[in-house]
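Each in structure tokens, the structures are laid out below.
Here come two complexes built around chain A, the first alongside chain B, the second alongside chain C.
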Partner chain A sequence: MVNLNKVPPRHRKQYYLALGLEGSANKLGVGIIKHPLLPQHADSDLSHHCELQILANIRDTYVTPPGEGFLPRDTARHHRNWAVRLVKKALQEAGIKDPTDLDTICFTQGPGMGAPLHSVVVMARTLSLLWDVPLVGVNHCVGHIEMGREITKAENPVVLYVSGGNTQVIAYSENRYRIFGETLDIAIGNCLDRFARTLKIPNEPSPGYNIEQLALKCTNKDQLVELPYTVKGMDLSMSGILGYVDSLAKDLFNKNTKNKLLFDPQTGQQLVTVADLCYSLQENLFAMLVEITERAMAHVNSNQVLIVGGVGCNVRLQEMMASMCRDRSNGQVHATDERFCIDNGVMIAQAGLLQYRMGDAVQDIADTVVTQKFRTDEVYVAWRE
Partner chain B sequence: MSGQILEAVSIYLTPNIPIEPISQGAEAVVFTTSVHPYEPKQESSETSNKYILKYRPPKKYRHPSIDKALTKHRTLSESRILAKLSQLPGLNVPKLIACDVYNGCIWIEFLGEELPNGNGFSSLKNFLWMSASDPHNKCVETVLEKVGRQIGLLHWNEYCHGDLTTSNVVLQQSDGVWEPYLIDFGLGSATTFVEDKGVDLYVLERAVDSTHSRYAVTYNEWLMRGYKAVYHEQSKKGENRLREVLKRFEEVRLRGRKRSMIG
Partner chain C sequence: MKGARENQLLHVLHLEVPFETAQQAQIASKVLTPDPILKPQDFHVQYSCKHSVLHLDFESIDDRVLRVGVSSVIESVKTILETIDEFK
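Let's turn to the complex of A and B:
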């Protein structure tokens, strides 16, 4: 049994209020949430049933021109420029007149890009000192997991965490979110983003979304372009696939008719379109993801999957996962939409508030140093049995 | 196991082949059957024959062309490795009877028996659990040493198992002595890399730690004794190679197979 009410709400309120600040990549997110103080939380295992109320969930994304990625320096500048405005707007939206009412301010402690993390933690420290509110440092990955659990009410799922910086298959065991499989080189979102850069398609709203839309336009779905399939046990590797599909795209743009995969050797007629490449890349990558998820499920004897992270919005990935689950007894797949899948402040607030309610707030401001490397299994998950 | 998979198997096998499911992994479903794929039915024989049928069902979630290529590739490599290993002297693996790589089906020899006193099937895992009350039994020690020897032989011949656990070792009695057999080479490969062998040993150590935690240290010691013995018998060359493997095993253990994550 876990006592989630170990630390009572401040100022004799009957609820907890938390502000979450997220900025580990190119999205700056501010979220404000409310947990009611309920007696059943004192003696149960209900960390996925907090009766969460979202008072504000706003986000500003730093978008770069087609063909370019976001650089740490520029992203950090974007976050610094917008932080104050977003926090003000969030407080207004949530109807909080007196910010000292907040129980805790949560920020992303890692993993992520160094410079953006730094600009956000400076904001968090300032607010904490200004309003005299305790700070909580949150692991970004745990934020995604807790958000997904609260929204979908999945009790003990195998988690597939797929985003621009991470690709992991995670399962809970003995107070840790343990990593069962992960990428050996680049993350899946990174792979898709970089392919989008090669194709010079817009980064608005997100490169992965645009690839998904292009893949839908593929007319030749029977004839898949063959790509490497690199599952290694429960891990996978994606840099080789990216290199190969990149070279195909370049041959296509340069009209290199010597490439027999893309052009008919006799007539020189083009056989493959950009949409076909997008479709093949997605099919290949997602098949690998679903396979390692299935392995993890078989290993820990679970029948629920929760997909979190930016790539988790992809409808095709959700479809494939659902199809895999149908073949396992009582298989269930849980996924959320872009409000909660893509990095946001609410998820940091949710994980941070759980941490706060277990009595794990920052005591000394020197402990708020952010870090680019912060593994999911380093966090002690006190709020679950 | 979902009914659809069972249906797919029985359509593929036709009703002439009765099957009994025993386990479902992520990739394959395993059945037992009494029918041999090409030998005539032995009506008169008293002992009922038993064979293992390992079937990789088509995965609907992936594109049919990816699925076909993967199923063929994996079934073929598993069959190949089984065929090669059964020719190595001293190594105990189940014999390959037949394979249909396009449909992802292989037929292999059935190994193992029921353990006495209702302790279940004679996998090494169940055997160790059965012996948990008397862990320092000489019998347990010899069995684990023999298992270690099997793994040593496998590595000495430049093969890797890829998924060494105590449930992937089956014991069979011959003349009252337990003989271990390595099974499930789905992740196996022929490899000359020291890295793969180090990982193999590490995976086994972790598996023993998690399933038999109480006596893990002694068990691992016995396993390694058998493993080393194989290399010691190969004179100077063996000693050198053993040193390399053990050094890498140590390294793999330190890094815990997982790299530190960035971003």
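Let's turn to the complex of A and C:
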């Protein structure tokens, strides 16, 4: 059994308040949450049932023109420009007049891009010293997992974490979120984003969103364009698929009629559209994800899947996962919508507050250095049995 | 060897940033201190507080590294100042 009330709320409140600051990629998120102090949390395994109340959830995205990615330096500048204003707005929205009422300030410690992470932690440290509120450094992936568990109430799911920077299949075992399978090269969102760049379509609001919309226009769903299928044991590789589908798209744009996959060799008629390519790419990538997720479920004897991360908003991915789960006994898929799937401050606050309630706040400000590499299984998950 | 290298950090800059109170200057110094320098053999920075003034002492191997390092620290100082201004 776990005692989540180990650290009582500050100032003799009957609830906990946490501020969450997220800025590991191109999204800057500020969230404020509240957990009531409940007697059943003193001796149970209810970390997915905190009766979370979201007081504020604000996000500002650094948007680059279609065909361009975001660079660390520019993203950091964006975060520096907006961070203080967003915190001010979040406090107003949450109706917090005295910020020293906060129990903890949670920030993303990693993984992510170094410069944007650093720009946010500088503000987090300053706030902590100004208000005398303890800091908690949060692993970004654990933030996604805890947010998904609290929203969907999935107790012990296999977690598929798919975003612009990460692709992992995770399951909980003995106080760690253990990685069962992951990408060997690029993340799925990166693969989709970079294909979107080739097509010169924007990457807003989440990785692969516009590809998903284009794929809906595919009229030729029975005839998939054949792409490499690269599952390597429990892991995936996606850079080869990206290179191949990129070259197909370029042939299509340049009207290279020598490509027999795309053009009829006799008549020169176009056989495949951009929408067909998007559809085939999605089907192919998602089938790979479903395969390794199912294998992880069999490993740990679980019948629940929780999809988190920016690509997790993709309805087609959710459908494919659901159809796999239907074929297993009693299987369930849990997913959240864009408010919580896409990077946000609330998820950092949620994971950070759990950590804080277990007595794991930063003691020395020297321990708040951010890091680009921070594996999901490095975090000791004290708040679960 | 180490001494010889340190001696080569000949490009120096001294900055003074005045704050409203000594406590604010100390906050700034505490916020800046934890972050490691990527190439300690090429660049050095020391933070200290005298009353309400934050002193920054930079040493560097050449003027280019100095410029890049100093401007990155100044960006952080700007964030700290804005945060203090808004929430003090």
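Convention: the second predicted complex is superposed on the first by the 383 of 385 C-alpha atoms of A that agree within 3 Å, B and C clash if a C-alpha of one lies under 4 Å from a C-alpha of the other, contacts with A are read in each partner's own complex, and residues count from 1 in each chain.
Following the convention adopted for this analysis, a contact is a pair of C-beta atoms (placed from the backbone, for glycine too) under 8 Å apart; a residue touches a chain by one contact, two chains touch by 3 or more.
In this text the structure is predicted, and so the values were computed from the model without any measurement.
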- Query: Overlaying on chain A: chain B and chain C, fit or clash?
  - Reply: fit
- Query: Touch check for A:261: first (chain B), second (chain C), both, or neither?
  - Reply: neither
- Message: Touch test for A:365: chain B only (first), chain C only (second), both, or neither?
- Response: second
- Message: Between chain B and chain C, whom does A:216 touch in the aligned arrangement: first, second, both, or neither?
- Response: neither
- Which partner reaches more residues of chain A (counting touched residues only), chain B or chain C: B
- Message: A:297 in the overlay: touching chain B, chain C, both, or neither? Say first, second, both or neither.
- Response: first
- Task: Please state, to the nearest 10 degrees, the angle that the Cα centres of chain B and chain C subtend at the Cα centre of chain A after superposition.
- Result: 120
- Message: After the superposition on A, what does A:129 contact: first (chain B), second (chain C), both or neither?
- Response: second
- Look at A:84 in the shared chain and tell me whether it touches chain B only, chain C only, both, or neither; answer first, second, both or neither. second
- Message: After the superposition on A, what does A:118 contact: first (chain B), second (chain C), both or neither?
- Response: second
- After lining up the shared chain so the two structures overlap, which partner does A:99 touch, if you call chain B first and chain C second: first, second, both or neither? second
- Message: To be precise, I mean the smallest distance between any C-alpha of chain B and any C-alpha of chain C in the superposed model; what is it in Å?
- Response: 17
- Task: In the complex, go through chain A and note every residue touching chain C.
- Result: 80, 83-84, 87-88, 99, 118-119, 122-123, 125-127, 129-131, 365-369
- Contacts from chain A onto chain B in the complex sit at residues 111-113, 165-166, 179, 182, 184, 187, 222, 224, 226, 229, 233, 283-284, 287, 290-291, 294-295, 297-299, 319-321, 323-324, 326-329, 372-375
- Message: Give the list of chain B residues in touch with chain A in this complex.
- Response: 1-2, 4-5, 24-27, 57, 59-63, 65-66, 69-70, 162-163, 187, 258-263
- Per the touch rule, the chain C residues reaching chain A in their complex are 27-28, 30-31, 33-36, 75-76, 78-80, 82-84, 86-88
